[in-house]
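Here come two complexes built around subunit A, the first alongside subunit B, the second alongside subunit C.
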Partner chain A sequence: MAEPAYIVASDNETTGEEKSSAAFPEIAIGIDIGTSQCSIAVWNGSQVELLKNTRNQKMMQSFVMFKDDTPSGGVSSHLSHEHEMLSGAAIFNMKRLIGRVDTDPVVHASKSLPFLVQTLDIGVRPFIAALVNNVWRSTTPEEVLAIFLVELRAMAEVQLRRPIRNVVLTIPVSFSRFQLTRIERACAMAGLQVLRLMPEPTAVALLYAQQQQQTEHENMGSGSEKIALIFNMGAGYCDVAVTATAGGVSQIKSLAGSAIGGEDLLQNMMRHLLPNAESLLSDHRINEIKSMALLRVATQEAIHKLSFQTSVQVDVDLGNGSKIRKVVGREEFEAVNQKVFDRCESLITQCLHDAKVEIEDVSDIIAVGGCSCIPKIKNLILKIFKREELYKGMNPSEAAACGAALEGAVASGVSDPFGNLDLLTIQATPLAVGIRADGNNFIPIIPRNTTMPARRDLIFTTVHDNQTQALIIVYEGEGNKVEENHLLGYFKITGIPPAPKGVPEISVCMDIDASNALRVFAGVLQPRSSHPAIPFMEVRMPTVDDGHGWCAEALHRAHGASLDLVTVQKKI
Partner chain B sequence: MLSVSNSIAVAPTAVPFAGSSHTASSRVRFQPLNAFASTSYASTENATSSYLSHRGMASCSSLYEILGVPSGASFQEVKSAYRRLARVCHPDVANFDRKDSSADEFMKIHAAYSTLSDPAKRADYDRKHLLRHRPLTTASGFSGYTRRNWETDQCW
Partner chain C sequence: MVLSGSAVTASQICGHSTVKNSIWSLSPTWRQRSPVIRCCNRKVREEQKMGKNYYELLGVSVDSQPREIKEAYRKLQKKYHPDIAGQEGHEHTLMLNEAYKVLMREDLRRKYDTSIGQMRAFFSRNTSNLGFSSWEGPFRQHALFVDENACIGCRECVHHASNTFMMDEALGCARVKVQFGDDEQKLEVSVDSCPVNCIHWVDREELPVLEFLIQPQHKEGYGVFGGGWERPKNVFSAAESFNKQLKHQTANEYQQTKTAHVTVEEETPAQAEARVNARKKIEEEKFSRLWDWAKEAFMKDMWKAE
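Here is the complex of A and B:
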């Protein structure tokens, strides 16, 4: 657990308190920030407890309302009606926006939301604004998230009667490391120290590991393990994990995730009900926002009802002269969203394939998240596994927060006399990390689903005679070409001893520690010598900041292929 | 960071397998594991650390020794040994003073596990292992640690 050497200014106030109470480890709280809903849980000494807000809610809507002077979030503020959130004054779905550039399709899909999302398609942070007294007031997803986290923190501090500093947050599997830095940034702004960022299904896996341990005490060390598939689909993201569990140890065998969720189902349905739905909101005029809000609320209600009934009557007056009166059947809803459901299916099969697990080896199938109650989702999962039933021991909306709270307690060094915290998650990397080489190809150095902590290296060589410099451009993702992946950073190796092309051995080593920090080491190896000719470089990734979308292009424009590398064929 | 390789290098373990038959040596090697398994994990940190240094993941140890299982161990035994060691060596649960070295230990344990839990890789490893009638000098033969030895000499 390498703590950064610096502290962000907003962290200062609590530093003293933390030191004075170092003898008693502060139990980190677990937060599941969902695209639409959020929950917070803590280990209370004997079990995990979900905290409730002043209105006795365990699930709080994730939004921040900008009104007059002080913004207020979904933790404390009360909406008189769902429409209020859709007036343009509230920013929501920040989890779909955070750390994304304006060329990202997910950002483009967010342009139909009532608040303002502007894109210039040049690879910079999108412009986001909330409508306050008829003025678009600019903000950022980090700021919105920080405001929300401050409310959550205040709520937890009041209830637990102690200062809260350490948190475990759940994150989507598909988040890039750059997005993780944005989450950490938002936490720092809220005065919170991130102890761990946990992919959502792995938090659920930890809760499952605890449940299994409680039911089978004799299992300890016997080696008999249970394999579970965890499917987690909320409003913004769909994540899948395969975990092997025994004796409280949850080994993540594979992860898969994608930015698809209830928001996509909703938007597809809105487009289905009103084919020109997008153009309706093209200019974000006040009456356009109102019409869109009416449509969104009506569609959302219809989708919820379709989970329990086979057809629903949609009857909405958009206020601009157009009315929608339509009976929508469940099959129609499923047909409109076929692509989303296909994607869910492919994530599951990919995850099983990566874990090298056959469907009959899977003991339990766990479906959590808001979308897990959709009949089509349930059916497609059961069909893949040829089963009759899903795992029943978990509350689908609370599981991730509970798992995060368990991890918070374990990572804070708390032990439980009854062994309820003798737990361990052995994480795997959700995305491959590697560098650009062999032209424009992405060469993974640590592949996806590698057990963490991990350290791997690869040898590269020069492409030009007497090439003395090489550019190491680090990417994360699954695509074969670098453009399909997330740029994490870049640095240059200089002082390569002049030699014909293909001769110098340039070693690039990547190290991911248990807290998921990535370091990249690179340097030139000297044959017949244990000492490198030039000092090695050690770079913590990611190094890119906002506007990284055009970095790679700028590098290419400035240097072309002059600093390129190619892989060395492995000698066996 | 350098402390990792140092502590490993001075591990006092007697040269394993040298000149002895596999059954004999594996019986010897298996003793401390059983003793260890019967102790509780949380409370006996001395036992834990002494066990680890005794077992010593020196560069000359075989994958079986890393996991502390006999070479004829079943897949079940390999799995449970891996899990047991993970409970001690994983950086999330290791004591704070051993955080850095525990990552390296865990990676070695995991590498050994991933070879020995895969029938094809294990057969391959066993073939090389038995041919030489002694442990491999380096833990080569599995993916993570094939080429340069970053642990010992390069940069930390």
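Here is the complex of A and C:
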């Protein structure tokens, strides 16, 4: 087993056993790290099993508590009361923070959390700190996630009685590749190797494919294709996928996602209940943190109750002299969050449109994730599809972890004599990747929703006469302008043979493999000659590290248009 | 900096759907024939089976329904997808994805069909005109070919192997009618009996090109060779250079026919005029480019041969 170079094992006591277990394929475990909750599942040889922690919980809260000198995560530690998590000592919602720069609106929204999030708005990593004995102690989202993963890993190792090395993690659709590297980094810090990072709805799609295959076996069915829409909304993210399933193969036709979720509903509701919440939220004085925690817990409870009843009485004493006593109706809650619900709706319609699927063609609609039990969400989905019912065969909170565990088993090369693992996910790219050209424009080379593995190329040319260098700046995203997209990296092609502008042909080719690794090839083409004048370049992306927002700015300032490229016009 | 309509251009170049008259190497047909990243590894190029047909790749018939294509695609994916086959499956899966994409989209498939259909028509047309030899029994590695330039019309071969050779009375020379129409002994005798040694064993792959080139009539509608040349003096060297060109030019040729095809099928009257003008211009320019090039490359060979 080749040792990946980047593993920074923090507690790697398992190296001795490594060789003996190498003979058998190590079954990767599936982890679904949610913004608020987390679960872990594994293929146990005949089926997927969810692991429970010592308190017999399948769902563990995703947070890390910094107390004294030993941080402890939600896997092992027990909260006496919900308020404890909101004392400022616990970092949570790290999935909303990881890999985001301080200009990101999602980071700004996180400033109202009880722990400290500071931004300088220059495109670097936000400053995050937890309150330990009345001292703000700095940390990073990666560190927090790694601590949490170490706990998960330890728990799984105890239960499975074997070292755990490989994992399949679920991630939001809207995560950029830079964010994925941060997740991988956190895994490496926890001594875990990432086998696959799969978008959450695609994990659910794989579970669905398995369920369909089993029903087919039972009914001896013909195995016709079924199209399903998967809607997954948790605390931090909302993701949608359209999948076509037949014979255990789940083919992802389109993906759409956005960083909206229960957290937004909660914050909107808090602002609704306490109109001047903003100042209370942002100052982080000790008394205010307490008041905020009280308000947050009360609001959360109210939202939960509104899923089952049409109105709820909110009665909370914030401790600073102000009391909130209010009856909130379901309509009120829905009106306050109209924008969030509208966004959900647009994600679904966009996804259907991208998949070129009509609503009548969709056999099953699967809604999973914590927010899927909100009546408004259910209704809006049913309304779009003009249906009466959603798919019922899945546990909304466990589906993603189960799917990840299946993928873990398939990608580990495990086979099942009963054909239960005769499965495959054919993934699609959630975001377009391309380069900057034609000024400030983003030119996608591999468009969104391209089947993976994928490889595409485009030809570019120079802007100036005798231009000998070209800067290839790789971005990911959907915007037309590069500023709207995520910078992944940059490199320079040098030694372009001098020629009038528009003559040299610079081919930029991108290759995404099944494990979602992106390589960029670039080189100058010489028509009618098989040998290149200058060596081609092969670059693994992303190459940028923290502070990449700054990089983009600096690139802009230092090079401007001098090393520009344009796309090749149609030559006639 | 200049950047007219650039974003649009980019997406057009990227998509297969647009007419690309830019450069031969960019043409989708060229890419279909050798799905190679041109900017990168040559290793891939070697590994790839050149000119593998999408239908063959997916193991479906040309008239198969989308349903069958889907099923075949899934079956193959289960075999070759890197999740199952490991990293080695990467290249193959890329080809499968490309083939699937083209065949599942009606417009792309139609264009693709036209392009390969054109290739077939191209050879089949010559078949009928030329008395292109047919095969008796299974395909073999080698085939017989009569260099009609050298043939003196002695009829020796026809006497010895009458099921294989025939006389073209109009031209006064022998020609292969049916490959392996007689047993091998008879064939050997007839080859040996030729007083001018004009019967050659050639590779099966070379045969269609040789038989095409040996024809003396000029053909219309086939741009490069339409200019009234006679039969090349040395058909073998001509075939060699023809093969080289074919590789480059098929791309452009198919493109042309594709344009025409699309015009017929999708044009609305409103667009007609603009399209006609644009196309005229494109064709003029392209034709002259091709013609110059062909003349240069091809004629040189011919002079050399002489």
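In this section, the second predicted complex is superposed on the first by the 545 of 572 C-alpha atoms of A that agree within 3 Å, B and C clash if a C-alpha of one lies under 4 Å from a C-alpha of the other, contacts with A are read in each partner's own complex, and residues count from 1 in each chain.
In this text, a residue touches a chain if its C-beta (ideal position, glycine included) is under 8 Å from a C-beta of that chain, and two chains touch if they have at least 3 such contacts.
None of these values were measured; they are calculated from a predicted model.
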{"item": "Clash or fit (per the criteria above) of subunit B with subunit C on subunit A", "value": "clash"}
{"item": "Touching partner for A:E484 - first (subunit B), second (subunit C), both, neither", "value": "neither"}
{"item": "Subunit B versus subunit C as contact partner of A:I445, first or second or both or neither", "value": "second"}
{"item": "Contacts of A:L525 with subunit B and subunit C, given as first, second, both or neither", "value": "both"}
{"item": "Contacts of A:E82 with subunit B and subunit C, given as first, second, both or neither", "value": "neither"}
{"item": "If touched residues of subunit A are counted for subunit B and for subunit C, the larger one", "value": "C"}
{"item": "Touched partner set for A:I426, first subunit B, second subunit C, both or neither", "value": "both"}
{"item": "Which superposed partner A:I459 touches (first subunit B, second subunit C, both, neither)", "value": "both"}
{"item": "When the two complexes are fitted on chain A, the stretch of subunit C hitting subunit B, from 6-14, 42-50 or 204-212", "value": "42-50"}
{"item": "Contact residues of subunit A, present in both the subunit B and the subunit C interface", "value": "225, 246-249, 251, 410-411, 422, 424-426, 451, 453-457, 459, 507, 509, 513-515, 521, 523, 525, 536, 538, 570"}
{"item": "Subunit B residues within the subunit A interface of the complex", "value": "37, 41-42, 76-77, 79-80, 83-84, 86-87, 90-93, 99, 103, 106-107, 110, 114, 144, 146-148, 150, 153-155"}
{"item": "List of subunit A residues in touch with subunit C within their complex", "value": "225, 244, 246-249, 251, 407, 410-411, 413, 422, 424-426, 437-439, 441, 443-445, 447, 451, 453-459, 463, 480, 505, 507-509, 511, 513-515, 521-523, 525, 527, 536, 538, 561, 564, 566-572"}
{"item": "Subunit A-facing residues of subunit C, complex", "value": "1-4, 6-7, 9-14, 20-23, 25-26, 37-40, 67, 70-71, 74-75, 77-78, 81-84, 86-87, 89-90, 93-94, 97, 100-101, 281-282, 285-286"}
{"item": "Interfacial residue positions of subunit A with respect to subunit B in the complex", "value": "1, 221-225, 246-249, 251, 410-411, 415, 422, 424-426, 451, 453-457, 459, 507, 509, 513-515, 521, 523, 525, 530, 532, 536, 538, 570"}
